[in-house]
Amino acid sequence: MLTRVWEHTLGEVVQWARVNSPWALHFNSGSCNGCDIELLATLTPRYDVERLGVKLQGSPRQADLLVVTGAVTRQAKDRLLRIYAQMPEPRFVMALGSCALSKGIFHDCYNVVGPVDVFIPVDVYVPGCPPRPEAIIAGMVALLGKLQAAPAAEAQT
Amino acid sequence: MTEVLALLIFPGGIALLLAALLYEWINRKLAARLQNRVGPRWFQPLADLVKLLAKEEIIPQGAQPVLFDLLPIVSLAAVTTAALYTPLFGLAPAGSFPGDLIVAVYLLSVLSLCTSLAGLITDDRYALVGGLRVLTQLFSYEAPFLLALLLPALVAGSWQISVIAAYTSEHTWLLLTQPVGFVVAVIGLMGKLELPPFDAPEAHTEIVAGSLTEYSGRGLALFRLSRNVVLIVGLTLIAALYLGGVANPLLFFAKTLLLLVGVTIAQMLFARLRIDQTVGLWWRFGVLLALGQWLLTLLGKAVA
Amino acid sequence: MTTLEFARMLLLRWQNAFSTPEANRLDVHIAPAEVQPAVSALLAGHWGYLAGITGLDGSDALEVLYHFASGAVIVTLRISLPRTGARVASICHLIPAANVFEREISEMLGVTFRGAPDTARLFLPDDWPEGVYPLLKDAVLPEDPHDRTD
Amino acid sequence: MTAPTKQFTIPIGPQHPALKEPGFFEFTVEGETVVGATVRLGYAHRGIEKATESRTWVQNLYLLERICGICSHIHALAYALGVEKLAGVTVPPRAQAIRELTAELERIHSHLLWLGVAAHEAGFDTLFMYSWRDRETVMDIFEQFSGSRVHHSVNTLGGVKFDLTPELSDAIHQGLDYLDERARYYLDLVQNDPMLSGRTRNIGVMTEADAARLGVVGPTARASGVLRDLRVEAPYSAYVNFPVQAVVETAGDLHARFVVRVRELLESIRVIRLLLDGLPTGDLQARMPRKIPAGETISRVEAPRGELFYFIKSAGGDMPERIKVRTPTLCNLASVLELSRGRQLADIPMLLVGVDPCFSCNDRMVTICRVESGERVDFTWDQLRRKESIP
């Protein structure tokens, strides 16, 4: 009984921490820069995602959230998979911008092999060309809301 | 019983760790405000810590698994031990013996050594460069930092922190009589904590996360926590030695906060120094300044 | 003497035909074998810098265009090459920066640059099929294995 | 770690904090000193040049805008100018002036963005935050003007889509007043801040002769005393009536590249003010044919990073026969590899960022250039010097 209460409480605490401290890693898999600069803009004074605990990390090992911008090019595909593999569990993926969602305007280009979600599982999609910083923040909040709604036991795995 | 409580809960142990998180928050929040941002919420460091503790820990190929796990623990243990000898929150230190100042200062360096080793035992090239940079930096700031902290000992005529603190609270603030020593000590602390402009060992844009590049979960959490403990211990030491002792806990707390504010502002003002510039700065100016202050103090003692 | 006239004078020896498609432009048709001497002549006259090299797939031949710019004036050296097995001398030893442009053309159109210091695969992905040159009009490009448009 | 030689290689990219975009660099270092450098682009290679051949002239405008999210207007402008030249269409003066105005606003946005990124590379996050905060002023203007912060789509073939209303003009004036003050502050800062100067002065020095020979363009060339600015040398669009003055510095180091870009902010602000006050009246668009007459043209404009070169060929149909894009970064990138040898590792991101590389722009054309002391040599300083000895 006591252990169950303890486990439950621990799960809740861990989940709370996870929701409040998503560290992000940015990977450009073949984007035009538009999404990248808007993502960077969310860190700057007007939008400041540090309010939500979001920090841009340099190392995949220390990130919880992988933000992928751009349609995936042939050359970037392996890198994307490798970076995803390097991230410790639990990990989440955000596909940012029309190209990452559906290849966008580059749908018929010969060196573009697909949107992000055919290679790695995507947790949240943010459409736009490019999405406004507000939209990116809304995407992050949606992801965190999803995490919060998940049962505590699941968050622990 | 009370001694165990003092070690585990207050003022050591849990209270120390919580205070460490509080100081990190103040540092980050103030930095954000100075950059025109809103900054993190008050519980941010705690959330970061708990999240990291619960995260998967990947031991990379090529790393020494035992050392990889052990280093963060050793560094946290060392710096919390150092905290025992310092008058945390203005209260009497839990342990005290003649010469504890030197022991405390060297225990603080264990963090740098462990961080460096953590980089050197992995195969990661960023971590290797980071580890080397930590060591290089350690050798550059350590001597002047030590000299600056030993100055008050010279003045007070004792190597025991509590004795020096008692001396400084009865005399004029050493900040006024030994300003150079104070400045060197504060800047040395910034070097120890790898705060900008001395953050070359973990420069994101060059070597990702420096020697900690391969650490993901628990190890990273413990290293971050150790660094915060060093911050609090360092501030406490400087406040006790240079800012008029530990007479009143509340006033003392205010003094360390003031120091923290000063450190944060300094860290916002500067661009990162290259590692060779850091070394040059310390050996060309830091050491000379500290030695100069030593000579002056010795002369003053001889005359008086 | 204007910049344009000076360039005309420098290249007089190598040209097969001059044409001026637009104001401030001079197109110089030369034989493929004379690329190196013509470029040397421009360099010797300290005339402008290499602004880029364009490869074109005409219906019956490939064309390589070396664009030199000096202020508003552009001089283009044009050579014509067969569509298969095209070969031309590299100008990398004269202008090292040309390497970048030459590699683009050799990968995109299949032109071989003789004497180029490095001919390894450049910008197409590592797993790109051999012998497929995407900018040829009749190139058969690899399918996207993940196409979901249907 | 226990390599037999003292050298080992630091890869930077394609995912690396110093690069917000993918590119792959390998620097060989001895201790902290760089002895060799290679680059591999192509991670953002999408194949746009091929894609232009299966899109109509108008559709291509939107595709080419998305070559780069930072200089989207200037790509569209270069393309539109070229197609208009082929079609023999004269763009009304008001549209030309609005094009210049947008291009200069984009230059301000791009240079402020660059200033922030460069400061971030130097570990000076406060400046990064400040300059990006001020950049939002320009983004607001763009949004009010075109409805989009990044891909403005101001251009159309034959003119522009959006008119400049008096309210907008006032808003721009207001924004410029603020930016003017900030730009002066930044100029003072990059010139006088001792710590920043310590990271920029005498770093990556490129002499005037080197710059001219390596064919570098844009602010990188102008910081080395080479006046290479198409707005001055070959004025296009409205630059004939509203001329800019070229900003040239002679030191050729990273510091000069900072100063050139910040001074260009002030110059852009000056020209935009003149444009706002003297905006010609008239139509916004000229009629364009659906099919463009056969022919070839070269269109060159001055992008924020330097000369942008478009070669456009039409076969007379409703789609282009060939569009070739040569971006400024390509011209400048080789210089980074040249200059990185013998430098400190810590200077490399600064050097890279000094030319403001844009890999998305480069994506159609990709390169590997190696500059190494060892055997894998592409071209070295020595070879470059030999070129100089050619009479």
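Labels A, B, C and D are assigned to the chains in the order they are written; within every chain, residues are numbered from 1.
In the analysis below, a contact is a pair of C-beta atoms (placed from the backbone, for glycine too) under 8 Å apart; a residue touches a chain by one contact, two chains touch by 3 or more.
Bear in mind the structure is a predicted one, so any value in this text is a computation, not a measurement.
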item: Pair with more cross-chain C-beta pairs in contact, given B-D and A-D; value: A-D
item: Whole-Å gap separating chain B and chain D, where each centre is the average of the chain's CA atoms; value: 43
item: Inter-chain centre distance, chain A versus chain D - centres from mean C-alpha coordinates, in Å; value: 29
item: Distance from chain C to chain B - Cα centre to Cα centre, in angstrom; value: 60
item: Chain A-chain B separation of Cα centroids, rounded to whole Å; value: 34
item: Residues of chain D engaged with two or more neighbouring chains; value: 16-17, 42, 45, 47, 50, 129-130, 133
item: Touching two or more other chains - residue numbers and ranges from chain B; value: 35-37, 126, 204, 208
item: Multi-chain contact residues (two or more partners), chain C; value: 124-125, 134, 141
item: Every chain pair in contact, whichever chains are involved; value: A-B, A-C, A-D, B-D, C-D
item: Partner chain B, residues of chain D touching it in the complex; value: 1, 8-11, 16-18, 29, 32, 119-127, 129-130, 133, 193, 195-196, 198-199, 344-349
item: Sites on chain A touched by chain C in the complex; value: 73-75, 107, 110-115, 118
item: Touching residues (chain side chain D, partner chain A) in the complex; value: 14-17, 20-22, 42-48, 50-51, 54, 62-63, 66-70, 72, 113, 116, 128-130, 132-133, 135-136, 139, 149-151, 358, 360, 363
item: Chain D to chain C touching residues, read off their complex; value: 41-42, 45, 47, 49-50, 53, 85, 212-215, 230, 233-234, 295-298, 300, 307, 309, 311, 313, 322, 324, 326, 330-331, 333-334, 365-370, 377-379, 383-384, 387, 390-391
item: Chain A residues within the chain D interface of the complex; value: 25-38, 40-41, 44-46, 56, 58, 60, 70-71, 73, 75-76, 79, 83, 105-106, 108-112, 129-130, 132
